[in-house]
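Quick one: this structure, given as structure tokens, is what I'll be asking you about.
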Amino acid sequence: MIKFSEIKKSLWVSLWFMFLTFPVMVIRVNTIENVIEWRWENMIFIGVGSFLFSFVWRYLLKQKEYGLKRAEEGGDIRPSLAQRILRDRKIFAPALTVVGIFALLFPYVFSLYQTNIMISALIFVMLGLGLNIVVGLAGLLDLGYVAFYAVGAYAYALLNYHFGLSFWILLPVGGALGMLFGILLGFPVLRLRGDYLAIVTLGFGEIIRLILENWNEFSFGPSGISNIPRPSFFGMSLSVHDSTIFIYYIMIALCIFTIFVVNRLQDSRIGRAWIALREDEVACQAMGIDKAKTKLTAFALGATWAGMGGVMFAAKTTFVNPASFTIWESIIILCIVVLGGMGSVVGVIIGALILILLPEYLRAFSEYRMLMFGILLVVMMVFRPGGIVSDVRRIYKFEGSGGAGKDA
Amino acid sequence: MDYFLELFLGGLTRGSIYALIALGYTMVYGIIELINFAHGEIYMIGAFTALIVISVLTMMGMNTIAILVIAGFIAVIYSCAYGYTVEKIAYKPLRRAPRLSALISAIGMSLFLQNYVLLAQTSDFLPFPNLIPDFTFMEPYAHIISSAEVVILITTTIVMILLTVLIKFTKMGKAMRATSQDKDMARLVGIDVDRVISVTFVLGSATAAIGGVLIASHVGMINFYIGFIAGIKAFVAAVLGGIGSIPGAVLGSFVLGWTESFATGYVSSDYEDVFAFVFLVLILIFRPAGILGRTEKHTV
Amino acid sequence: MKKKIGKNLIIAMSLIFFACCTFGTSFAQDVIKLGVAGAHSGDLASYGLPSVKAAELVVNDINAMGGINGKKVVLLIEDDACKPELGSNVATKLLSAGVDIVMGHICSGATKAALAIYKEENIICMSPSATNPPLTQSGDYPNFYRTIASDDAQARLEVDYALDVLKVKKIAVLHDKGDYGKGLAEFAKQFIENSGGKGQVVLYEGVTPGAVDYSAVVQKIKRSKAEAVIFGGYHPEASKIVMQMRKKRMNTYFISDDGVKDDTFIKVAGKYAEGVYATGPMDTSNNPLAIAATEKHQKTYGADPGAFFLNAYAATQALLNAVDKAGSTEYQAVSNALKTEWVETPLGRIKFDDKGDAIGIGFAMYQVKDGVYVEVSK
Amino acid sequence: MPSLEHPVILDVRGLGMNFGGLRALDNVDIDVREKEIVALIGPNGAGKTTFFNCITGLYEPTDGEVIISPPGRKSEKINGLKPNIVTAKGLSRTFQNIRLFQNMTVLENVMIGRHCRTSSGIVGAILKGPATRSEEKAIVRDSYAILEKIGLDESVNEFAKNLPYGEQRRLEIARALATEPFLLLLDEPAAGMNPQETLELDDLIRRIRDEESISILLIEHDMKLVMSLSDRIFVVDYGRKIAQGAPGEIKNNPAVIKAYLGEDVDA
């Protein structure tokens, strides 16, 4: 039974929202015709909607609080489903196989459109994993990550345009240029912390975009570069359909490569240094870790993936202009990392798939899609602030004293 | 020299526009260390509410001064209500969560509010009536600075002074300062931290609404997207001045306004924002906590 | 906790699954599928959404009269937010949904990205607003058409008008750094410089779109002693610049483009809009079709139409007319019909040349007089 | 007890530190000898932690010299060096308010300490060749050995934040030991510990000194611990050194008593 006090609370909520949304939802003014349109029906929707919704909201909040309390009191927290899947080989291996087969068959099962957006999603998986090094592992809030993405994309577009270099040469070049720019950005911001760092990186991203927009002689300005070739397959050029499939497989391979490298880095001496830097800068330094070097490697390695992602982007879209590299893209990549779970590779992959594919699938709701996307971000964060897969630390196992064996 | 003066004044007005939005950013940041991305949207909603009220009242045939007062008042009320609600929904449950989670929640809120207004109203630019009359005594200077600009400048100053007084000398201000220093400690000494945070959001939203009405009336048009662009710039200004500091936000805004104005005037507006950001980077390199920010000492 | 993730996963999975099913290829050819693509969200939404409304109005009319060749027309409306990558996603999405013909995209960049895909699949695409000259002139996109003048044509008209009719010498060329505005400004600058000394570019600058004010740029115009400003871009920036110029007591001529020849500009800039010049399709104010289209919009949506509405209206009509005349949606037949069959649109009686630009849309210079755009004779 | 013949390994001469106008340290001379346990005491705010920060490179001292003479190596001046370099040279510390890497496991915390004694880089991490592999193995082995010694081997895979307070303090010591210091600086290691834990700590510190031949400089308010552990004691007040000597001498020093007047002298 729902208690009376609950109903009263919800009534207040619904009254409050009716008041709140009154001018924007109910009144529409046509300043030219001097007509006011009163849309009272909207008020009823809001009232009823918020009344019902407030029950759900409170219920979920209570659930969350209950979970937190249990965690605090019991100490023994049951690992979440995702964590258990990751830990238990018996579940993990078959799950991985299924995902692998699904990924391999994907372009033959689904339409060109599905493959195409999956490529976008995979590019963002790569970007997310790259940014994860900077934000998730090293704890450096970077709001200008898109700059490196742009560097990669323009590297391919311009070097191909001027020198006719092929995709396969420029893919590593894009990564290298990304890394170079990562170091370039890294130097001046070494001293900055937290949100000051965020704003400077934001500025860096904007500077790169503005240069691309304004320096016509270099970048062809806002009209961009078109007819960028798709990657060739042993010298053969492919039809749109085939080359989309081809790019899809390249992306799958690149993602596997990225995951492999990021995993190795994460579990290495350098990966630990990044995490230590994130956890406590002062203690990290006091433990003999070179802060500047660690930060720079994080920026550089993070940016490398963005550079390669940029090359893939240019190859996939066959057109680049500055409109693809706004602060909004940086924000989306950041959302991927945080929503997925900072520092967790699987989390970031899931985050990227959700954040890139969801708006596409929300197209069914046409104009409401960005509205729902916004709600989703808020709801996800309120009810799962640690992200979908919270950071899973590696477990080391020991047999007897001194003898150290390990297990992932 | 005239040219310099004109650019100077241009930068000053632009700066005071940024300042009205930056104040809210800096207050919220000062208290809960959150980049309130939705702040720009609160400003936008303030402007929209004002526009709706103005249109309704104009059709009822009220006189301009009364309209200005009523519209401004209602816009402030509604912005405050929105600010309050946004905080309760999107930030309060995240008080103990990682800071970045709250940031993403704020981004989600910003996106939601933008599209809410887009869907409920329109995507088009709407003309916003000029509520600030052209004062006759300003006529001789009109080619340098307009009446609206003077009004904005004065309002910014008044708002800044009021906020400073409020924070320095009232009980609520003391509670705010205590909360920004140490939330747990503040709670221990009997400060209702949740209430303090709510009040901060309400105050920040109120300044945003005042900004919304004045700026919209100066610029002459609004749409659902104005909050985002202005918000980013205002945030840069707040950081430039030293985020968390009220005078810092105003000073940072002026510095940003001047940088942009002089860069445009003497170099080129092509790279206006590039100059602004390069300048920001330079300042932060030499003063890592902004112009008026306290350089935090390592507390070991 | 565990349950919640499980639920989330299930929801996400089922969402993906459903989406896959819904958007799987189904080729039921009892309808004509008209794709409408453009920015329907984000900062450029106000240039994309009017085209959706235009398409809806035209299609409603046609379906009410029984459709084309007995087939109903359905709209596939897709948002690309003016981003190239979304442009190409939308293109593949439309293809996968079995689109026959596309009206869109809005921005030149997204259009180019999408055309790379349409071209391969022989889908005709007609934009109401992509003005980048190479779209038609490069010959790269034989499947592309548009109902708007290319940048160079508009720039030519603006420059000629400034030099020959207004007889000004010093001109400031401004743009909004976007692909539309900057493309146009580039041409305007080039034409003035090649005018054989008739005119001179005293200032060439891009303004930051969305900025709260433009006083510094306005001061700069003042100092450059320009007699006229040619602005490439959209009306929000134009009205801010004009208002500030007039408030600073400057009477410099202000000449702009299609993106400004929009009633919203006059509404926003109010009395300051008086005297502003803008190029636009000839004769729309007297064209009964244009008047009817505008009225229909007001009746259906309760508001005045937005930017590029008439262009989109004309494009939709032209495309569907060509399908009608061709008797099918087959690429070659429709292409021929577009190039040979005249069609009455709000922009006039039009067909398309070999490159894809519209013939019959005369461009004219308009001036704001007493709050309306009035065509001014050359 | 080490005699005074043992060589001096840390020699601080005339150390001074200004914060703006505030003189936090003024002309402080302190020395530590090999295999010695030295305590630095003084009332709250006397400048003890500032002294630590100056030595370990977190602050650059305004004037004075910090000279280290690690056993078997040449002496050198280390003031102004970055903290990580100082650590690499063999000075390692703990913090007054625990600064563990909270979201890392106990073992990983100690592994971080091994950072400056190992060398594999990015390429090594990605390729994971035999050298990297064996180095990783060694890191885990060494870290585990240290945890065993400290008595934390039961909770290697716990998150540091989940440890009880006393164990967190011990973990900080373990982490510091992992950097292979010749001098360990402990900032209030017994703070917040119960008497039993303090007793264990006393034993631990001795063991570190005796078994590892590591000298120890500690800041501590627990006078019982200080008196029982220290070979020598330095007393600072208002940024100045006011006394030095063996525990017995310090206990009866009038200047020290005056400085602590009103404070709870737990001895």
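Each chain gets a letter, A, B, C and D, in the order it is written, and its residues are counted from 1.
To be clear about the criterion, a residue touches a chain if its C-beta (ideal position, glycine included) is under 8 Å from a C-beta of that chain, and two chains touch if they have at least 3 such contacts.
These numbers come from a predicted model, not from an experiment.
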Open item on the list: Counting C-beta pairs in contact, which chain pair has more, A-B or B-C?
Closed with: A-B
- [ ] Could you work out which chain's C-alpha centre is the most distant one from the centre of chain B?
- [x] D
- [ ] Could you please state the distance in Å, as a whole number, between where the Cα atoms of chain A are centred and where those of chain B are centred?
- [x] 29
Task: Cα-centroid distance, chain B relative to chain C, in whole angstrom - done: 34
TODO: Could you tell me the distance, in whole angstrom, between the mean C-alpha positions of chain C and chain D?
DONE: 70
- [ ] Could you give the separation in Å between the centres of chain B and chain D, each centre being the mean of its C-alpha atoms?
- [x] 48
TODO: Give the residues of chain C that touch two or more other chains, as numbers and ranges in rising order.
DONE: 41-42, 177, 206, 267, 303
Task: Shared-contact residues (touching 2 or more other chains) in chain B - done: 115, 118, 122, 126-127, 270, 273, 298, 300
TODO: Find every residue in chain A that makes contact with two or more other chains and list them.
DONE: 28, 31, 214, 282, 367, 370, 383
Open item on the list: Which residues of chain B touch chain C once you look at their complex with the stated criterion?
Closed with: 3, 6-7, 9-11, 13-14, 17-18, 115, 118, 122-127, 130, 142-144, 146, 215, 218-221, 223, 225-226, 228-230, 233, 260-262, 264-265, 268-270, 272-273
Task: chain B-touching residues of chain C, taken from the complex the two chains share - done: 41-43, 45-46, 49, 177, 205-208, 210-213, 215-217, 219-220, 223, 235-236, 239-240, 243, 247-249, 264, 267-270, 303, 306
TODO: Going by the contact rule at the top, pick out the chain D residues touching chain A in the complex.
DONE: 56-58, 82-84, 87-88, 92-93, 95, 99-105, 107-108, 111-113, 115-118, 120-122, 124-126, 128, 132, 135-137, 139-141, 144-145, 148, 153, 156-157, 159, 162, 175-176, 179
Open item on the list: Which residues of chain A touch chain C once you look at their complex with the stated criterion?
Closed with: 28, 30-33, 35, 37, 63, 67, 78, 80-82, 110-117, 120, 213-214, 216, 221-224, 226-227, 239-241, 244, 313, 316-321, 323-324, 328, 354, 357-358, 360-361, 363-364, 366-367, 369-370, 383-384, 388
TODO: Please give the residue numbers of chain C that touch chain A in the complex, ascending.
DONE: 1-2, 4-6, 8-9, 12, 15-16, 19-20, 22-25, 40-42, 77-79, 82-85, 87-89, 92-93, 95-97, 107-110, 112-113, 116-117, 120-121, 132, 134, 140, 177-179, 182-183, 186, 206, 267, 298, 302-304
